[in-house]
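Read through the structures below before going on.
Two complexes come next, and they have one chain in common, chain A, joined by chain B in the first and chain C in the second.
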Partner chain A sequence: MKPVPDLPVTLRVGGRLSDITRQPLPPYAPEATAFLAALSKQLLALPEARQFPDIAAFAYWCRPASLARLQREFGAAHARLGRGLALHIAPANVPVNFAFSFAFGVLAGNANIVRIPDAGHPQVDVICDRIAALFDDPAHRRIAAMNRLIRYPRSDSITATLSQLCQARLIWGGDETVSRLRALPVHPRCVDIAFADRYSFCVLDSQAVLGASDTVLAALVKGFYDDVFLLDQNACSSPHLVLWHGTGQAEAAQGRFWSAMTDYLEKNYDLAPVHAVDKFVHLCATAIALPQARATRRHDNFVYRVRLDSLPADIERHRGRNGFFYEHAVDDLSCLGEIVEERYQTLTTFGIDRATLVQSIIAQGLSGIDRVVPVGKALDIGVIWDGYDLIGELSRIVHTA
Partner chain B sequence: MASAAFDIAPWLDVDPYGMAAAEKDAALTAVMRALTEHHRALSSEYGRILELTADENAPFETLADVPFLPVRLFKMFDLLSVPRDQIFKTMTSSGTSGQAVSRIYLDRETAALQGKVLARLMSHLLGPKRVPMLVIDSPSVLRDRNAFSARGAGILGFSLFGKDVTYALDEDMQLNLPAIEAFLERHAGQPIFLFGFTFMIWSHFYRALEAAGRSLPIDKGILLHGGGWKKLQDEAVDNDAFRAAMKRCAGISRVVNYYGMVEQTGSIFLECEEGHLHASVHADVLIRDPRTFRCMEIGETGLIEVLSLLPRSYPGHALLTEDVGRIEGVDTCPCGRLGTYFSVAGRVAKAEVRGCSDTYEARS
Partner chain C sequence: MSNRDTYNTAFTETFMIETKDLPGLKYQDISAWDSVGHMALMAALEEAFGIEMDIDDIIEFSGYEAGQAILTKYNIAIEPAV
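For the complex of A and B:
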C-alpha cells in the first residue's frame, strides 16, 4: 500500500496523516459502535446540545439503541469489511453534515480522512472537541488511529493526492463539487458516493389538513418549519413545491395551513432583512419568467406563495429560498410521472399513504424520488440517503460460494 | 402621454422644498397613479408583476399604496416602457467586476426631465449662475471606457453646473497641487463648486493633503459628494468626521452629501445644513418594515423606498432599495425645508448562506 504523505493541511482532530491506520474493520464493529455511543453521550451532556438542535439530532442518532437498530436492519447476509480509506469532502454550509459523513465511514469499518468546514459554525468545533477528547481515551485507540479530521483551502493537488490513496470518496456539495472532484485521477478501486444537486417537494392532503386537530396541525407546522427553515430552504431535501392532494378543499386547507405557518414563523423565525428583499426580487422575477403562475400571495414577508394553474414539466428549475413556495392542487398523484426526473430526491407527505406512493413510484418506473418521508423528517439524514445504502456502499463483500 | 399628470412644468416652477408633506403626498400620488398605469400598459414585465403581486382592489390613495419594484430587478431584466428604437441612452450602475449591473433605458423625454430637475436642485444649491468647479477625481475616469460608468456619468452630469471645470487629481489619482492652486488663483474670492465621490475625496484628497502637511483656502467652497459610505464606515469615518476633515484640510464649511442612484437619476436627495437628506417635491422616501413591507413610523429604521416622478421610459418610479435608513421628520427640519427628511444607515446586511451546495469553497 502506498504510504499517506503528510500534506499541508490543518490537522483538526487526530494525529499525522502519515500515521493513519488503514486496516479496515467489519461494519458495525464493536470499536466503532462503542466510540459513537460514547460520542453521543458526551454531546448530549453538553449545554450546546440544547443550544444547537442539529448537534442534538446527531447525538440522538448515534446513541446506542439507534445504532443497534441500524445494525439489525443492515443484516448479515454477507461477510463484509470496510473498503479501506474513505475521503470525505463535507459541505461548508450544513454544520453537522461532516459528523454524519464521518460516522457513516466509521460504522462501515473504514479509515477516514474528513475535510471539515471552516470555523464559521460553532457546531463544528463543539463536535470536533468531543471527538478529540475521545481519541485521547485509550479505550478508543483503534478508532483514533484510523481517523483524521482536517481543514484545507480549496486545493485540487491535496484532494488529488488523497483521491489516489482512498478506496471510497463521499463527495457532498452538489454538481459543481462533484464534477470538479470527478475530474481528478483516483485510485482504480475507488468508489465515489456523489451527492449531486437535488430537488425536493411536499404533498399535503387537503382533507387531512382540514380535519387535523389543533395539536396535529401544530405538529405539522413545526415539522414543515424544520424541513424548510432550519437551513433557509437551501437543503437538498427541503421542499420548494407544495402539492395539495384534493382540489375541492385545497383552498380552505391552504388557508388553515399557511396562516398557522405564518403565526409560527412570526414567533420563531428570525427573518434577515436581506432575505425579505431576496424573496421579493424572486417573486417579481417569477412573475416575469413563469407563465404558469396564476396568482401570488405574501404572508407578510415570512411565506411567499406562487399558485400555478398547471405544473410546468421543468418546475424543478424554479426554487424558493427562505420560505418561498410554488403550489398546485391535484386530485390524482399520477401527475408525478409528468414532472419527476432524476433530480428529485425527497418527497415529504402529510395525510398520504406512503407505502402506496412508493409502490406507485416503482410501478411507474420514475427516474427520481429517493425518499418518501413524513413532513418534519426532510433533513433527517441517515445510513440510507440519496438513494444509497451508505454502509453497504462503503464496505466490500467477502463472498464465499 | 397626454395626461396632465405627466406635465413636469408645475414641478419645476415651485420651490423644490416649499411644499408641505400633506399637499405634496396628494399631488405626487396623482402622478404616481398615472405613472403606474402608464408603465402597466407599456412594459409587459411590469404589467405581469402587477397582475401577479398587486391587489387591484387595494386602495391607491397615498404614496405608500404605489406598487414598488425591487431595485435589483433592473440587474436581472431589461425593463422598458418605450420601444427599443426610442432608447436614447442606457445608464449602467457602477458594479465592481463580476457583479451584475443595472441597465436603465432612457428615451429623450426621460433624459430631458432628469436634466431639468437636476438643474432645478443644483440652482437651489449653487445659485442661478454657473460656478467655478473643481472635480475631486481624475480626468482619466472619463477616458477609460472600462471604468466609465456611474462615476463618469456623475462627473459629466454635475459638470453642466460648473465652469472652468478643473480636475484636482492627475492621471494616477495623485493630488495635482499646481492645477488646484492655479484654479484657486483664477477664482480667488469667488464661490467654488467642488464635486466628488465620498471615498475618493477622503482617500485621494483629504488624506493626500494631510500627508503633504498642506491645507487649501477654499472657504467659499460648496462640496457636493455622494456614492455611499460603505468604505468609509469600514474606516470608522462618519458624516461628522468627514465634515470636520473638509473644514480642516480646505476650510470648506458647506459640505453636502447626496443620496441617489442611477435608477432614479435627477431627483436626488441633498443634505441640508443640519445634516439631513431632503426629498424635493419631485421625489419622496418611504421606510418599509423588512418583516412586512408596511410603512414604518418616523424614527424607525427599515428598508428605504424611493419614489420619483421622472421615470417614463422604464418602470422605476417606485423602487425598494437595498439600503436601510430612517425618516428623521416631516416638514419640521430646522433648516426650513419642507417635506420628508431622512438618513441612510448603509446597505442591508448580508446573511450567512446555509444549505447543501457550495462545499469545495475557496474560503476556509
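For the complex of A and C:
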C-alpha cells in the first residue's frame, strides 16, 4: 500500500497523516460504537450542547440505543468490511455535518481523513475538542489510530494526493466542488459519494392545517421553524417552496399557519437586519425574473411569501433565504411529476400519507425526491441520506458462494 | 441498585439536582430539563436500563411520575418510594 505522506495541513485532531492505520474494521464494530457512544455522552453533558442544538442533535443521534437500532436495521445479509481509507470533504454550510460524515465513515469500518470547515462555526471546535480528548483515552486507541481531522485551505493538490490513496470519498459542498474533485485522478477502486446541490420543498394539507388542534399546530410551526430557520434555509434539505394540497381551503389554511408562524418567529428568531434587506432585494429580483409570481404577502420582516399561479420548471434557481417562500395550491399531487427532477431531495409533509406518496414517486418513476419526512425532520441527517445507504456504500461485501 | 435508585440517578446526574427534588418534577420545570436536557435524560435512561425507547414514548415522557409509567412498557418496574 502506498504510504500516506505528511502534507502541509493543520492537524486538528489525531496524529500525523503518515502514521494513520488503514486496516479496516467491519461495519458497526464494537470499537466504533463504543467510541461514538462515549462521544455522545460527553457532548450531551457539555453546557455548549444547550447553546448549540445541532451539537445536541448529533450527540443524541450517536447514543448507544440509536446505534444499536441502526446496526440491527443494517442487517447481516453479507459479510462486510470497511473499504479502507475514506476522504471526507465536509461542507461549510451545515456546521455539524463534518461530524456526521466522520461518524458514517467510522461506523462503516473505515480509516478516515476528514477535511473540516474553517473556523467560523464554534460547533466544529467544540466537537473536535471532545473527539481529541477521547483519542487520548487508551480505550479508543484503535479508532484514534484510524482517524484524522484536518484543515487546509482549498487546495486541489492536497486533495489530489489524498484522492489517489483513498478507497472512498464523501464530497459535500455542492455541484461546483463535486465536479472539481471528480476531475482529479483517483485510486482505481475509489467510490465517490457525491452530494450535489439539491432542492427541497414542503406539502401541507389545507384541511389538516385547518382541522389541527392548537397543540398540533404549535408542533407543526415549531417543526417548520427547525427545518427552515435554524440554518436560514442554507441546508439543501430546508424547504423553499410550500405546496398546499386542497385549493378550496388553501387561503384559510395559509392564514392560520402563517400567522402562528409569525407569532413563533417574533418570540424565537433573531432577525438580522441584513436578512430583512436581502429578502426584499430577492423579492424585487423575483418579480422581474418569474412571470408566474402572482402576488406577495409579507409578515412583518420575518416571512416573505410569493404566490405562484403555476410552478416554473426551474423554480430551484429562484430560491430565497432567511424566510422567503414560494407557494402554490394544488388539488392533485400527481402534478409533482411535472416539476420534480433530479435536483429534488427532501419533501416534508403534514397531513399527507407518506407511504402513498412514496408509492406514487416510484410508480411515476420520478428522477428526484430521495426523502419524504414529516415537517420538523428535514435536517435529520442519518445513515440513509441523499438516496444513499451510506454504511453500505462505504463498506465492501466479502462474498462467498 | 434498585430500579428506583437507577431511575433517580439518571435524573440527579443529568440535571445536577437532588433526589428530594424529583417527586412532581415535570419537563421544563427547571432550566436543566429543557429540550437538550430531555435528550440527555433519555440517553441516560436508555443506557442505565439497557433499552431503546420509542420516539412516541420519548415525546410523552413529560415528568418524573409519567416516566415511570412509560418504563413499565419496557418491563421495568420502579419500586414504590420508601
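Here is the rule we use: the second predicted complex is superposed on the first by the 401 of 401 C-alpha atoms of A that agree within 3 Å, B and C clash if a C-alpha of one lies under 4 Å from a C-alpha of the other, contacts with A are read in each partner's own complex, and residues count from 1 in each chain.
The definition used in the following text is that a residue touches a chain if its C-beta (ideal position, glycine included) is under 8 Å from a C-beta of that chain, and two chains touch if they have at least 3 such contacts.
Given the structure is predicted, the values throughout are model-derived calculations rather than measurements.
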item: Room on chain A for both chain B and chain C (clash or fit); value: fit
item: First (chain B), second (chain C), both or neither touched by A:Q292; value: neither
item: Partner chain in contact with A:A65 - chain B first, chain C second, else both or neither; value: second
item: Partner contacting more residues of chain A (chain B vs chain C); value: B
item: Partner chain(s) touched by A:S360 [first = chain B, second = chain C, both, neither]; value: neither
item: First, second, both or neither for A:H275, with chain B first and chain C second; value: first
item: Touched partner set for A:G120, first chain B, second chain C, both or neither; value: first
item: Partner chain in contact with A:K41 - chain B first, chain C second, else both or neither; value: second
item: Partner chain in contact with A:P91 - chain B first, chain C second, else both or neither; value: first
item: Distance of closest approach, chain C and chain B, by C-alpha atoms in Å; value: 22
item: Intersection of chain A interface sets (partners chain B, chain C); value: none
item: Chain C - residues contacting chain A, complex; value: 34-37, 39-40, 42-43, 46-47, 51-53
item: For the chain A and chain B complex, residues of the former touching the latter; value: 89-94, 97, 117-118, 120, 151-154, 159, 172-174, 176-177, 180-181, 195, 197-198, 231-236, 266, 271-277, 280-281, 283-288, 293, 295-296, 298, 300-302, 306
item: Chain A contact footprint on chain B (complex, rising order); value: 45, 48-49, 51-53, 69-70, 72-73, 76-77, 290-293, 302-303, 320, 322, 324, 348-364
item: Interfacial residue positions of chain A with respect to chain C in the complex; value: 40-41, 44-45, 49-50, 53, 56-57, 59-60, 63-66, 68-69
